[in-house]
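Have a look at these structures, which come just after this line.
Look at the two complexes coming up: subunit A is in both, with subunit B in one and subunit C in the other.
Presenting the complex of A and B:
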């Protein structure tokens, strides 16, 4: 019973739920990338206010395996971002709930919300982007903020929020 | 394992499934668990992920657990239950749902998938927590039995494996493909240094209970690990120096040693020499009055007035090589002796056939001799690693004396048991076996 069927069924439920409850004010926009497969999704995140990412719109690519929701989805940033827990070139995200802390009761929206929380609250102790991690650990808030803001302006200001 | 769990159930008044987890999280050290538990039961239960499980069982928390489950029951009686994993619109009958002690419920199908998936992850499945996000209540054999009875044996195998690996008193048999478990009986004695040798009943592999290596008396586990590490690091140099062949000290023809004994006779010039020190064999035999001088390293043999770093390093390397060469020599001889165990059986048959009157027990001495030889080589091998770390000069000279005796008698046993069958003298071999046996005991005792 589990496997591809279970994943597709569950993802269809998630999509129905999203279509019912989405408004323009949301800070997460989440849809399957194409109508042909429910396993690959695209998400847009609004950079949280009071962070160097404010005003930016970041695109994520979400890949679900056939074991979903028993196994976590793989999430990567498509928009370049300067953040200690996001790989600068590949966009990989280092987040415990996407690895061993994953629970099948989480959904894609919850996962995106966790990524959004990570943007507001970076964890410098286990960095994927060492430069960003070192700035925060070294107390150079100003340098981190400035660099992250510059990359936000340079890369994250080109996507319009869908209606 | 079952006995240990029962005791914890009795003392702490917790369900057996919770007791197993509590013990595992405390590395099966009962006393430590009891102490921590009586200091602060709530904290221990919380930390180990068995809080809800313990409170639904017996004890003072029973009332609370009952009322809350009654609340749940009345709430869900009115409508069908919802599973947060598959989010099925229709919901499920209450009896299609399986719940954790923490109250989180999921449908049977999702539970099965969840457990199947957890088992695929391997040994860590014994630490799988409730599927609900952020809930740290652990999944136990109770849930597996309800949700996926066909996977229960696999889950229990992982539980046993985790027990054997975390509990200090047990160890898997290292024999290839063997699944036996060894349990040390007494807590103190069996774990004394270089003690605790176990022998598997099934595949008859012998091993040290503490480190799982081949029994390595007289050296202890810590020094053995040091020695093996050193041998790995130095092996490049040692290999370079110790090629598989050696030149004959007299005529320099390359000689490959393919039998166990150290008494070599060059096939081209008939020169007899000792394989270890490459010296003339006539200086070795007890019959010539000389001693077997091959086990001693004499630091004065090289010039030790030179105190420069390079000279010191060279002396240290020489010292290591002295022991390593002998360690390696006996190690190879041990392998030869092991291999010849098979040939010995054939020789036993041949020897029996020589004389019509001989019965099987009359030729069994050959096998005993061969087995004793393997044992002696093994002990000798480790005596060199042991001596390398032996600092006390007095102790070392005493140790080397016994080592020398054992080495001498082992060589002659090796020689005797390799003789052609028609020269074989049973009494001699049997005597030699008992001599080396006593020597082994002395070396290990000293």
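Presenting the complex of A and C:
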């Protein structure tokens, strides 16, 4: 394996796997952003039911370096979201498997699945959005839920799920 | 958002960015200053590291304990210099045990192919045995829950590396029967150089194979929990009590340092001997049969310690790091 070939080879494999296995019912839609590079991907996530994100469709930008899959991809929300582990302005995600617990055994789809799981199960102990973190830690579930839902309605109701 | 703690939350967020940047700066520094694997150094280089530098002025109260500690390391390095002749440094990026194991094993297999007499079949037996194990390992690890699509290219890389070792020429291309003996060392050096070059390319063979060794280590632990679970229970500093969680946090991520259990599992799954000299600033005093005392560095063996024809890997451990010994 030489230099950049590893990333391209692996991402091509992941794309083939996705094209074979995607259905309309999926809660994750994942494709390269343009046909010119396999290193930059766009993902759509359906907000999980029973969360303040339900009904919303959230867009993520995924950037892989040439060291992918040895190094993790960089994932950021492009749709504004109110969540303790997502930076309110930059969309950066704080998730251990995207940092020190990343392993090449994960792929982009598994990484998106972990982000989706984070929406259902926020971790208020290491917040990137301290306002959201403080609401949950302070027991103000109502405040958190209401604010997060408001942002979902304002920002995440504009993307149609691709056919 | 207006919230009483907004200003402190900004501080917290930038602190997080700062820590991340610091960590990646340290990683970049290590990468730019240390090769993946160095050239072999005479063992005296190890001693020199612990000889006090006379140009450094004496200072600070801590010096006493510092000196005591250094003298323990100095004593150990002198003892090791009687047992070994060379040292090969491995990059200190957390993958050093796996990387040292990979390099030393490949180098050993290659050297065996050059052994005289060349028609001794035992010279190739270990290469064949290890190739068979590695070739069959993909279905083994996939059977333990790893996905073929994500694992395959790492597996291919290790298979290719063993093929590469098997295919390096042991004789000059135009064989003149008499001169073969004389040119053999030269051919061996060429082959070792080719291997060294291959295993020092960034983001390439060494990293890919190193990660596959992590997968094999994890698979070995998962395939025999009765053997490996006691290691986790014995380690007070670890709160992880089940093997799958341990593997996903401590074995599978790159750059994660390894402890005793990973060392044992990797040695055992390859069926090779791993000899580790533990240099931690203390020496062991042993009583000889004649009543006298000798001093030695603590040394432990892992894996296959009986079979004499099995490959053997000798490593130097210093707190948090492994290098190769010769």
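Keep this in mind: the second predicted complex is superposed on the first by the 162 of 163 C-alpha atoms of A that agree within 3 Å, B and C clash if a C-alpha of one lies under 4 Å from a C-alpha of the other, contacts with A are read in each partner's own complex, and residues count from 1 in each chain.
Here is the rule we go by: a residue touches a chain if its C-beta (ideal position, glycine included) is under 8 Å from a C-beta of that chain, and two chains touch if they have at least 3 such contacts.
Keep in mind that this is a model prediction, so the values were computed, not measured.
Taken together in the superposed arrangement on subunit A, subunit B and subunit C clash.
Touched residues of subunit A, counted separately for subunit B and subunit C, are more numerous for C. By the document's definition of touching, both partners, subunit B and subunit C, reach A:9. In the superposition on chain A, A:22 makes contact with neither subunit B nor subunit C.
When the two structures are aligned on the shared chain, A:87 is found in touch with subunit C, with no touch to subunit B. Within the superposed three-chain model, A:66 lies in touch with subunit C and out of touch with subunit B [touch as defined at top].
Of the two partner chains placed by the overlay, neither subunit B nor subunit C lies in contact with A:109.
When the two complexes are superposed via chain A, 271-279 is the only one of 109-117, 181-189, 271-279 or 307-315 in subunit C with C-alpha atoms clashing against subunit B.
With the contact threshold set out at the top, residues 1-2, 6, 9-10, 13-14, 17, 67, 69-71, 103-106 of subunit A are in contact with subunit B in one structure and with subunit C in the other. Chain contact summary for the complex, subunit B toward subunit A: residues 84-89, 104, 109-110, 112-114, 116-117, 131-135.
Considering their complex, residues 1-3, 6, 9-10, 13-14, 17, 66-67, 69-71, 87-88, 94, 99-107, 127-131, 134 of subunit A touch subunit C. Residue ranges of subunit C in contact with subunit A, taken from their complex: 1, 3, 5-6, 8-9, 12-13, 16, 20, 146-147, 149-154, 157, 201-205, 207-208, 211, 215, 248-249, 252-256.
Chain contact summary for the complex, subunit A toward subunit B: residues 1-2, 6, 9-10, 13-14, 17, 67, 69-71, 97, 103-106, 110.
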